[in-house]
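Shared between the two complexes below is chain A, which has chain B as its partner in the first and chain C in the second.
After this line comes the complex of A and B, so read on.
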């Protein structure tokens, strides 16, 4: 396996960068920015990437620092491994609080929460972006998901369809190294061109998955007059497994190992460490630094050396304002604030210039930057249509030990209810079977340990066997429910609420329509059916006064609780004209022809698929268009 | 049997059986050095030891493929397959021994001697073997019958060169019939990846040459260069990095660079004090009868032998079993680390060490 080599001297200083007119300036070093940077620089164009967060240490010891920060953290949230700074804050799920008397939470959490539901979703601000802590699940969206408005009268249609994105899905799956089984995905209505197989074979189902699969065997549910059989299938994921020799017409696939500046070896196959979120100890999971490594390596290309075209990365450099030339409506420059010490707000301001600008800062930060720059777009939709996946969790104890806490966090899921005529009336969902027990719902295994020690006075062998007995029977089903684009769910900024560098913080307004609540309620009903079939002791309880009680709601007389899915999308969605959308299908701004807003924010729907694969596919598609733009204007 | 040159299929199989033993013989010393590192320290050293050990396992699998390709049957379970450490590897003028011992400057020196590149490429034609600075007497290591004539090669590289010549010679006489082994017994690429190299199935002369080339490249480097022709750092130079406390950078290394060119990359942290002082070449008799320590040492040795047993099955017609050996290696590591944390009663400050071979 090749390791992902990053050149030793991979950064430029601010003074040098500010003197260069780059072909492309990219804001954000996450997966979208990294893909576009690599595509453009390998084709001979100069690129500057601005990354707000720290994390420029591309060595394995650097990765291990993050790993040990995670091991020693008391609150092991998704951002626990990564260095925090008030200058480029990351939302932390533990900051989320219930709103008091419905009044916005403007306290010191990063998000200003307008409610009615405060959203606990997070993202990372480090080199590599949120792929540093993502789970790595890479299902494709269903063809149906691209036209929910036409088909079901819900949400918004995309201006392009599944078949237009399909070739780019393949590119994204190659880039991220996806393990999966095409045949079982075809059952869901997904189309794959030619004899396509995923780069790597599916990761095997865990023992727990198999227990669930056996118990489910033949289970059917009837919904809106249609019968759905439920079964367990593997989840496609960007995680190193066994390369498929049939990939690429029999050429096979070379997995990409750990990121480093010099040759060592780490970056193995997934070995089931069970803390994919927030950090894979062996870098079996894809993160965007693997693509950044390639991008930065383009500095060594003969054509780039001879033409003097460079790709540069400025980290700890927060883009603070996008400037528009009033004469041309083109972006002329971006201002930044660059900081040194993480805990000091001392910083230097400056500007960078490019022919084309790409903002790939994620679906909250991209509209935040645009709105803070006074650019709400002609349609006024900048920041609107905020989507995320609300999750309903259901948990119980398997009748006998099922090997929970072995394997990667999720290997199997139930996907038959991702689409159907019922979507006219209630939201669709897919189910992940969690190999990490009740962790998400209750804080297992730490909460079990505390209970056994503090409340049951267990120690030594009793403690060990007590833990094994409790943990190995845990089953948690996570129902990912679709949320259509709704204009009133949105990201805004408010000059009263700024961070340490004086940048406006994002304010989130978020509610769930009955359509989604019905889907969440139905999920709970299905969980009961599944538990009954499996002989699972249902331990689910939704506490309106608990730590995560802010997600509590009632529907048709029953109480439920939803959790945030960390899948922000929709905030600069694509469409047919400057009046109905923010960007076109290439993710180019309708208002500013040299500006691309790239990422899940461009998506008109997210169906029941984690957003990263689709946004990576869209990034490849945009890169093609940007290349055309640059070629047609080169010399001007 | 003429052992200076491979003339028959029987000779070739014999050489390949020796190669299997040779490739395995380095694994216990590398693993033991790795296990002796106090967890959380020397992480960079651990990675280097690990990648070399893993690549030795790749070589083992490649040799199994070579042997299976010509209709042989790999056997990792014969009674002398695991050497009795310390194993002496005379180097001409003075002798050095390969021990299973804690990571130390001395152990590092041994590792460098094991992986020492062949000087063949710089030798003047006809130069006497005894003038070469290092050469390996495989007979001592491999328990070759002392009654048969001394093998006519002096380094591991030369040994593989003889195997290569053997394949070439036999192919000239036998043609494709040489590769009469069942292709289903071949281990294929999906079963391995790590630092570098590929688990190549051997089905013809070309793939046999490729497999041999990969083994010599990864060990001593391609024609003695720092980076092999696939761009991979040779084992000898991986270890050299530990001595220098610095990493080699490929972009700073050119053809013909060798020992005279120290590494130019980032610092590599080495802490010889953060190592458990385990007993070198520990034997079962070192652990008191009836003690938990002894039981743990026996448990490790049995697990190691089960591990070899599983690999042996994988090498003999059940390649898919190779996958199952992966969790076994994790368990071996856990068991070894549990051992090395404990002092041996009555041995001052010596800690327990894994043993790989139980007394008969």
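After this line comes the complex of A and C, so read on.
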């Protein structure tokens, strides 16, 4: 096994960096920024990465500090392990509140929530970005998902299709180390080139998955005149498993272990810690530091040493303004605010320069920075078309103990309803079977313990058997429902609402169309069918007055509740011209030819796939174009 | 703290209300911390008094019934005893009084208190994020320890 060695020699200070004209300046050290940084620096170009969050965890002790912060945290939300600072705030689930009389929530949550639905989704600001706390699910988008407007009259078509992205999906799957089974993905209509297999074999289904699978056997549903058979298949995921000897035409695959400054044996196979979100203790899950480690290692390449081309990373450095040269419409420089102590707003301002600029700050922070710089784009679509996956949760108790709370958080899913003619009328969905119980929906296992002790007056052996009965039988189905691009769902900024460094906070305007509500409602119906089939005691209830009641809505007379999916996208989407979109298919800004806006913000639709694999694929594709740009202008 | 005259009684009491043996409780390495946390929040005198009530019923033939009557149904001891159960099961001190003070507020009393929580072993699982069970272990039926 290889480990991801971080060389310590590439420490640059702000003063030095501000004197260098880099070939490329990248804002954001998440997966998109890391992939592009590595591709460019290994090809001999100089790169500077700015990261807004702290960057002290490039070592095992640094990682363990995060782990112990997680152990100690009472609120174990997605960002619990990572150091928080008011200078580069992260949205927190528990900050989300119901809007009072429909008025925007401008209080002290990071997001200004305009409603009508406040969105509880989050992301991380730390070296490695949100891959530090992502779950690691890496399904590809379906070919159909790229043309929902043409095929179903919903959302927007992409300017490119699945087959153009397919080779880049392969690169992303190699980079992130995906475990999965190609054959079961082909059943869904996915096309894979040649004899392709994933780098690693699929992770085994959990005992819980297998109980669901046995119970479902042969279950069929009819929708829009078509029959769908439901089955359980493994979820492709960026998590180390057993390398597939058939990978890469029989060359096999070497998994990448933990990130550290010296040799370590951590990070081999997934150990079933049941904690992918918010932190994998053994680093079996891919995070962007693994790619950053490679990128920073390019400083040791002979050609880079001899040409003096460096790759540098400045953390705790918040990009605050993008400057345009009015004569050329090109980006001339980016201003930053760099802070020292996490809890002090004392900071130094400065500027960095490059020939090409890449904003890879995520689908909320990228448009936030552009809008705060007064750059709404010719189309006016900067920040518009905000997408996320609304989730509908359904939960119940299996007839017998099923070993819940063991294994990777999700190993199996039900995917047959990801596409079909019904998409003309209602949104498609994918189902994850959760190995971590009802936690997302109810706060299990803590809520169950409190109920058994405080309300049911259980103690001693009765408490033990009560816990087994209540926890080990838990089944939670998470329905990820597609949300098409809708212009009015958007990120904006408002100079009245700034953070500790005086940077404008993102304001979120978010609603669900009936098309999506119909998909959510149908998901609930399907959950009942599944539960009936399995003999599951349905415990689902949606409380409009509960802690997460802000996601409550009624549809056709029934009440439902949706949760945020943390899959922000669409806010600088790609298209055919400067009038219909913000970037072209290479993610290059139509308005500024040396500016790339990369990430899920460029996506025109997200279908029923978690966004990271696709945005990673797009990053490889953009890196190719940036290399061409740099080569063609290298004399200038 | 282990030399404290009530510590041994605290362990016995904890075993009686958690359903785990003193040996298993000691094995978490958290017993002294939980005892000192309890004393810190409610005071040594109150702890001593409650443990005294327990001592008087400890050898009763129907101990569980006695615990219900004299501890769990008691307005003073019930909330404290329930909190001790929660400490052992999830390493968390839950705020007792309506308003928090410098010592009585919701917290995980130590990072290891989280990973040593009895809840996980009760259901044959590992604490999320610690004590890795190993690749593929999740594919097998759970091994739930007999009570």
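Simple rule for what comes next: the second predicted complex is superposed on the first by the 631 of 636 C-alpha atoms of A that agree within 3 Å, B and C clash if a C-alpha of one lies under 4 Å from a C-alpha of the other, contacts with A are read in each partner's own complex, and residues count from 1 in each chain.
Going forward, contacts are C-beta pairs under 8 Å (C-beta built on N, C-alpha and C of every residue); 3 or more make two chains touch, one makes a residue touch a chain.
Keep in mind that this is a model prediction, so the values were computed, not measured.
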item: Fit-or-clash call for chain B and chain C when the two complexes are aligned on chain A; value: fit
item: Contacts of A:205 with chain B and chain C, given as first, second, both or neither; value: second
item: Dominant toucher of chain A (residue count), chain B or chain C; value: C
item: A:245 touches, of chain B and chain C: first, second, both or neither?; value: first
item: Partner chain(s) touched by A:494 [first = chain B, second = chain C, both, neither]; value: neither
item: Touched partner set for A:264, first chain B, second chain C, both or neither; value: first
item: Chain B versus chain C as contact partner of A:93, first or second or both or neither; value: neither
item: Contacts of A:255 with chain B and chain C, given as first, second, both or neither; value: first
item: Contacts of A:468 with chain B and chain C, given as first, second, both or neither; value: second
item: Contacts of A:407 with chain B and chain C, given as first, second, both or neither; value: second
item: Touched partner set for A:538, first chain B, second chain C, both or neither; value: neither
item: Included angle at chain A between vectors to chain C and chain B, based on C-alpha centres and rounded to the nearest 10 degrees; value: 60
item: Overlay on shared chain A, then closest C-alpha pair between chain B and chain C (Å); value: 5
item: Set intersection of chain A contacts, chain C complex versus chain B complex; value: 68, 242, 269, 271
item: Footprint of chain A on chain C - complex, ascending; value: 16-19, 64, 67-68, 72, 81-82, 85-86, 89-90, 92, 94, 106-108, 110-112, 114-115, 119-120, 122-126, 128-130, 132-142, 144, 147
item: Chain B residues within the chain A interface of the complex; value: 40, 43-44, 47-48, 50-51, 54, 188-191, 193-196, 232-233, 247-251, 265-266, 269, 326, 330
item: Residues on chain A engaged by chain B in the complex (per definition of touch); value: 1-3, 8, 59-61, 64, 68, 201, 242-245, 252, 255, 257, 261-266, 268-269, 271, 300
item: Chain C contact footprint on chain A (complex, rising order); value: 67-68, 70-74, 203-207, 210, 241-242, 269-275, 279, 281-282, 401-408, 411, 435-436, 445-446, 449-450, 453-454, 457, 459-465, 467-468, 471-472
